[in-house]
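The block underneath contains the structure these notes are about, expressed in structure tokens.
Letters A, B, C, D, E and F mark the chains in the order given here, with residues in each chain numbered from 1 onward.
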């Protein structure tokens, strides 16, 4: 019910939604949005709308799955049936299972897992609306939910995708750019440790294009990282205001 | 392979099977029909043919599901593949899962659950032939299987549906009346406690019709209750005869 | 994409692949082929290609499934998706579940299960290519994998099918003979104990034909048994050579 | 099933207050928590809504597809209601296929919509017996603080009211999508009202801690005309006939109140 | 796997009696328990039967639907045999999809019917490669007191004998149901006879406590002509060739006896 | 997660050796284990291959069926990659549906083939939007000694190179199989190269014991032109940008080497 556009970048070098190649979509972040969860956060990035909740650290059942020297991090990335154009069955797809794994592995390097041996922490991510780049936005928002839950962390993880569209390296692909473009490269990054914690790619890039893409993605992550910090600050301020 | 009738009540006020509006279908009840179960019973109500078996009280696995202060009652309502016009897949349907829950909740108020803490009792219901009102007949027969198993009970639970058909409130809907009629209201009742333990409805009733329907259902339950007591008595007599 | 032949036995009494009625297909056996398994073996029988691996004896989880007086033998017969003409779904079919059971029961009489109480041993069989008679070849190869794992055994189990094809009793049915023939009779046998540990049949046999078929199958099993012993010897010699 | 002393004391307090006509959160026995409804929040869905009932939060989305009618209703479109108790909403929810609670929730909401004829399913028929519109109503519980049924029924109806159907025309057996949308016609506004029985009192809109100590609950769905279109008793206790009739009366009044508050009645 | 002393003693007693040619329930080694067959008990099914074999109780129902043939048998109707070991029949049965025992049971019964050509599947073909009748035989075990295979095979056959096929005609590619029914044509009466090996003796129709101590069992299905159409060895023990031949002989005799008793032979 | 002292000591040794540029099995940090490829071993499959990477052993089979295209790519055949970690390959593999590791493995291999355009999917289209060839690539891990991704990618590509497509013609909407086969056209030879980060060093082709102590791994798939077509970072650690760029460089060199060794380049 949608048709592919002929060009993704116009003669002025602007993208379909008017952005420049190195421009992020508008981002709105809120921390501490769910009452029951130990920590939670909400992100809107373009039309993406994603909730993350954290439960933990807590006891692990069955007990033989617990690890003697560290916390087990579990992660479920899940899309609401109404989040995409064609209704998605609520049963986890192969894509959702893979993304749950790589998101978990993108968050793990940020956490002092050894502080809570024999426990588990659950990260639940629900994509309420998807418009490209949901795995990256999920990492960004899940990282804040972990912080909100008081899980001790080395740094926040910020994530952002880059891609090649009409031959140009562009930041923060939206859905149509992801589907029609020549390459997609999601990346997660901890600025304080200069650490890439998620890196995937599919498409076709020369080594030179790849280096340019990674640099642009890291720039994007740094911008998002600042927004994460602002959102956390806003949360603590508002909590303090309530307490006073 | 069946067609809907034009009228469900004829000019004499009689229903398709010749019953008056406030008349039950013929009911046949037998208690203690299965050799292996701790308790069992069989009911025929019109063309409905339903078996119930009770196993318990018994230990619960895994143990962390046990409750420190009461017995866990579990219930499975299941239809045989050959019980209905179109073959039913043996995997539990959403309808069967809901009915298992409401039947369990209709039986629970009758049982002194606190007498057997840390145990479980299973109620297995198999609908061998279905002709409308199976959930009510299931409660009626399961209640007897529980009594037959020696589970201590406050009272027997009798159940019966009422409905609105061609504008008339009628007792004990059969299949075609359920499907074509304007409302269906299954109700379970313990006469000694004046307690409604199951109540569902779908269709359209004015408050006045609703009160009339509930009263008629309770009358039906009282008649069934007497049949339940007769069936139990017959069981004990026959057991005694065997023992002598 | 294949069509049924008109005759399975030609005027010289030879079968489609040139075999005589009482002739086995070429068999190649290798023991100790997988690095991780405690025991393993590989068989080619005609176009059948089957791997078996044994893990155990080992602790059983969950523990309440363990038996106080003997080892639990578990067995999984599984076909690779590419092993047959039409791709097979990797989920276990009803046929694979039944065969896993009868193969397990064909192997159990050979094992001193009482030597390792409270443990379990797993037999995993993967059919890489199937051409008729896979259950028999699976028993033959699994029996060697058990021996390779050092599981104490009364005897090796050899297995072979017989059948009736164009009215003739023939040994070691290949796929087309199995499908078009009049009867199929797989049999497993321990020569030292004169013990039939697997026997199934479908088709149509007179009692006389049945006796003839069983005798022929036992002859076939004895030949295979000798090949099993050769393969085991070759394994021990090669291990010894490596060790020296 | 928490059983520490503190929890017990709090439960006793809730129960004792109710016997005096009061509730721990300050409400009267027949007061709803604050209800907030937002519509149209998921642009990619044909309809959507988010409902806050106190701290209970439920989202509903409507998707429309072409499909086949059921054999016994060849002239009607298909309505499918599904509910997911996703694990971010409560420490007691587990990932996995819908359990008995999720299935009951979806089926109770479904019956309210269906039996009140809120949607004219015949208008969703394209070619009798062959092609119809299929409406998927997906209920998504985001925070569980009690009374999921009422919140879900409100969210589902609000999402349906918000639903726009893409225009199409049938040419020679082929369906062609045309530009523009038409609102889904809504004929009725069923409202589900749940009452819990605690200490032999009926309380409206139980929150989570009340649900944990209630004997039983009853949900009564009534339509614009004040008629009853669906009932569901739940929980391991019972009601007397008198309590049931009282509950019906309260549910009808509360439904009128909610419908008026949300602008769903004249 | 009960292991109390009482059970052990009883098992020893069963085993010792058998070595003396006797059985705990008074039967001889080659006696069946009493067999009772009732047909036509489920009016909504096209065919049905209930079999009591001592205290073992099995029901079978036959449903018929229109469907497609398998690609490799385009001229034949489809026969599907399914078995459910529903949990009311035994404390050892669990709810859930069929386990290996239920699947083996269904497949052994299926092979007996299929290989004896009891049903002429070609007569169930409506349009080769496109449309055929599909026969669902559902076996439902209601009480498990041993020898489920023989009881299930009897129930399945009795239900098939009881089956009426609705009349229909094909007009311009469309199937139209016509009034009336025609009996399903039955060409053969396969009877499954199961023997257990206990203490190196063969006993016919083992009941539950015998099954718990048997080394192995063998089921032999023979047809009206006395030919063998299906065999299944089960259990973790073995048979000598001599025992197998003996079992075949017994099974053939018993099948004749049962067929005569049930009026399935002239 | 073994944790005995012996295992710990061995792990320390592996780690310390790597920091000195050495490996326990004698390889240099950038050496692959011996690679052996056999093709055409499963005659019943349209294509097949077995790959040994040291003691890691993976088989791949290709089956071709007629089917329907995806709605969004009506002019293309369908490529489906599936991986089974069958339990005979490792004591840590369990029977059951593919877990996250098997799914990730299959999807990484799939992306390498797909994004490099190794197969011209448009040539597998028979009738746009209606009928296409469906390629099933089934990866079967037979022994797990580390680096399953690279071994599986090699096995999948080798099986595709080995694949013969049956000839067919379309006559009046019906497909007819004709005698003979045509090789599947292969346009590119993507090679996946996996590096593990251990003790802050990058090592190529990690074996099992190295995988157990690595911080993270990265798989880089490059095509004949030396361009990057797929990347997958795995494991609970991280890479610096510098390490990533270094890994890219190594992966490109190794891919050229492997392609040359296996005769996949001029």
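Note that in this section a contact is a pair of C-beta atoms (placed from the backbone, for glycine too) under 8 Å apart; a residue touches a chain by one contact, two chains touch by 3 or more.
None of these values were measured; they are calculated from a predicted model.
Of all chains in the assembly, none touches chain C and also chain F.
Here the chain-to-chain distance from chain A to chain C, counted in touching steps, is 2.
Among the other chains, the CA centroid farthest from that of chain F is the one of B.
Of all chains, the one whose Cα centroid sits at the greatest distance from that of chain A is E.
Taking each chain's centre as the average of its CA atoms, chain D and chain F sit 48 Å apart.
One inter-chain figure worth recording: chain B and chain D are separated by 27 Å, centre to centre, where each centre is the mean of the chain's CA atoms. If you average the Cα atoms of chain B and of chain E, the two centres end up 32 Å apart. Residue numbers of chain E whose C-beta contacts span two or more other chains: 98. Counting partner chains per residue, chain C has no residue touching two or more of them.
In terms of inter-chain touching, the protein chains here make up one closed cycle, each touching precisely two others. Going from chain B to chain D and on round the loop of contacts, you meet the chains as B, D, A, F, C, E. Taken in their complex, chain C has these residues touching chain F: 1, 34-37, 40, 47, 49, 51-53, 55, 76, 78, 80-87, 90-91, 122, 124-126, 128-131.
Residues of chain D that touch chain A in their complex: 41-45, 48, 55, 57, 59, 61-63, 65, 82, 84, 86-91, 95, 97-98, 136, 138, 140, 142-145, 166, 177. By the touch criterion given at the top, residues 1, 3, 98, 100-101, 103-104, 106-107, 111, 114-116, 216, 218, 223, 226-241, 244-245, 248-249, 252 of chain F touch chain A in their complex. Interface of chain A with chain F (complex): residues 67-68, 94-95, 97-98, 100-102, 104-105, 108-109, 185, 190, 193-207, 210-211, 214-215, 218.
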